[in-house]
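Structures for review follow.
Both of the next two complexes hold chain A, though its partner changes from chain B to chain C.
Let's turn to the complex of A and B:
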């Protein structure tokens, strides 16, 4: 196809697609209105039924807990895939000095190194806070875990790759990640044995507003927290280690 | 629709277009991460704080780090 034909094909299809989109947007419900009966129902019953104040958490870990199980294993499979790919890329470990190491050898410390280390504590605490109060405030296992696991990037930013590899133990994170994923399925299976349906909320619900409340919701959220936090940590470690191997290739 | 929402929608449309039209992958990445931040703000304004938190962690931190390392690894210095 020459340029002219291509331009014509583009112009016609653009006009048609834009016209259809414009026509379709005329039929949208007005902004902010949503007619989902399920939403209203959950908002009405969830606090009474499950002693939970944050509805997304109630849906994720109870009413639609089975969907979360699937999502959890999608994440697990992705992390496993990344590990598998990078295992094949493993190269001979040649040590090259990092910028931060040479700075340390000169006996210099700077705000640029201390600031991320301070952020590490803050980020980790924020992640744990979000993960632990998923049933009360926005957040939950996934959000808290993602932020907690990402805190590991602060170690790299502040202290460099050598400190990251020395301070963290990747295979422990691997195992904890698998443990988190397994716990979710195991809690669901235990409910199946006790109450007769998978992931049913079989534990005492506790007082609405308490730190530990919502029955299995709290524990499922914790399991997801462990899995996601360790999964993110593994991803960070594996990816950031690649920065060293790039230097090897060039050196 | 409040003024804040309109401002955020315009911002997001602009950043999305900027990410598509910028030529260098590194620039695209930083625009994308700003885009993710704005998206998180929009989710927050639209009363979806749970989604906003996920977007912050994934869109502004995890994806940029991975893509940045991938760019470094593939030797794309442009």
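Let's turn to the complex of A and C:
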């Protein structure tokens, strides 16, 4: 199919789909007036039942915890897929050469090299703060983990790839990521043995507003934090190493 | 209610559908697999837009309770917020998987133009 035919097929079908969707949106509740019975119920009971203040966290890690288990394994499978694809490449690529000390020769000044290092501490602290207080304030395992894992980019920006490969141990991140995914499922399984249903909140709920509160919600959030943070770190490391290998291949 | 103000009540939905359609347009016209992946991200963001438009509640706060909005006070729908936040993190990783596939394709076939890629013959 050439580009012209493709464009015409697209335009006709897009006009139809867009029209049908616009027509269908007339059946949706007008903007700002949706109200679901499930929502009202959760808003009323979640703080009383689970001692948490952040409702999305209560839903992710308690009321719909089983869905989060599924999401978590999509994440795990994607990271595994990336590792698998790059592992297949490594056999073809030239033997991973000793990276040159070229960061200094690129003409970066001290400020440019130091600023990301300072940012590293700030980003990691912000990620941990968000991850640890998910049941009280905006945040949680997913958001905190993504920020904490991204902090690894600061090492690359400030010190270069050589330092990144020396400072980080990728298989440690691999194992920690698998450990995070496993402990989510294991906490659910333990609840199944203790209370008779999967992912039931079996731990003492604690005081509403305390740092450790919400029973299993806190620990499930921590498990997700470990998994997401290490998953992002692994992705960052394998992609950045790939840039070096491609460069060496071309040169 | 005038026709104009009635129209604005459905405008956020129209934006979501527009993002979907325009992202698909990018995919059909793409000459670069990385561009294709970015277009898919645009399509994906239409789902965020739709979820966020459905969950908005006039005259209510964030679904995170504190001293100014005690537990039980009116709030936007937290269920759709929970859906969106997991969606964003998982979406980022799936993009990473597709980018890894792109690197692999470039190594094997020497091009990442989807219109020049042909089925494997060797």
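In the analysis below, the second predicted complex is superposed on the first by the 204 of 251 C-alpha atoms of A that agree within 3 Å, B and C clash if a C-alpha of one lies under 4 Å from a C-alpha of the other, contacts with A are read in each partner's own complex, and residues count from 1 in each chain.
The rule we apply is simple: a residue touches a chain if its C-beta (ideal position, glycine included) is under 8 Å from a C-beta of that chain, and two chains touch if they have at least 3 such contacts.
Please read these numbers as outputs of a predicted model, since none were measured by experiment.
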So, A:54: does it touch chain B (first), chain C (second), both, or neither? both
Could you tell me if A:143 is touching chain B, chain C, both of them or neither one (first, second, both, neither)? both
Could you say whether A:79 touches chain B, chain C, both of them, or neither, answering first, second, both or neither? second
Would you sort A:184 into first (chain B), second (chain C), both or neither based on which partner it touches? neither
Thinking of the overlay built on chain A, is A:130 touched by chain B (first), by chain C (second), by both, or by neither? first
Quick one: is A:17 in contact with chain B, with chain C, with both, or with neither? Answer first, second, both or neither. second
Is A:153 in contact with chain B, with chain C, with both, or with neither (first, second, both, neither)? first
Looking at the overlay, does A:26 come into contact with chain B only (first), chain C only (second), both, or neither? second
Between chain B (first) and chain C (second), which does A:3 come into contact with in this model arrangement: first, second, both, or neither? second
Please determine whether it is chain B or chain C that touches the greater number of chain A residues. C
Please identify the positions on chain A that touch both chain B and chain C, taking each partner from its own complex. 31-32, 54, 56-57, 138, 140, 142-143, 146, 235, 239, 242, 246
Touching chain A in the complex, chain B uses residues 1, 49-50, 52-54, 56-58, 61-62, 65-66, 69, 72-73, 75
Inside the complex, what are the residues of chain C that reach chain A? 8-14, 17-18, 20-21, 24-25, 28-29, 53-58, 62-66, 71-72, 74-75, 77-79, 81-82, 85-86, 89-90, 92-94, 96-97, 99-101, 103-104, 107, 115
Quick check: in the complex, which residue numbers of chain A touch chain B? 31-32, 54, 56-57, 130, 138-140, 142-143, 146-147, 150, 153, 232, 235-236, 239-240, 242-243, 245-246
Residue positions on chain A within touch of chain C in the complex are 3, 6-7, 10, 14, 17-18, 21-22, 25-26, 28-36, 38-39, 42-44, 46-48, 53-60, 64, 67-68, 71, 74-75, 78-79, 81-82, 85-86, 88-89, 92, 137-138, 140, 142-143, 145-146, 228, 231, 235, 238-239, 242, 246
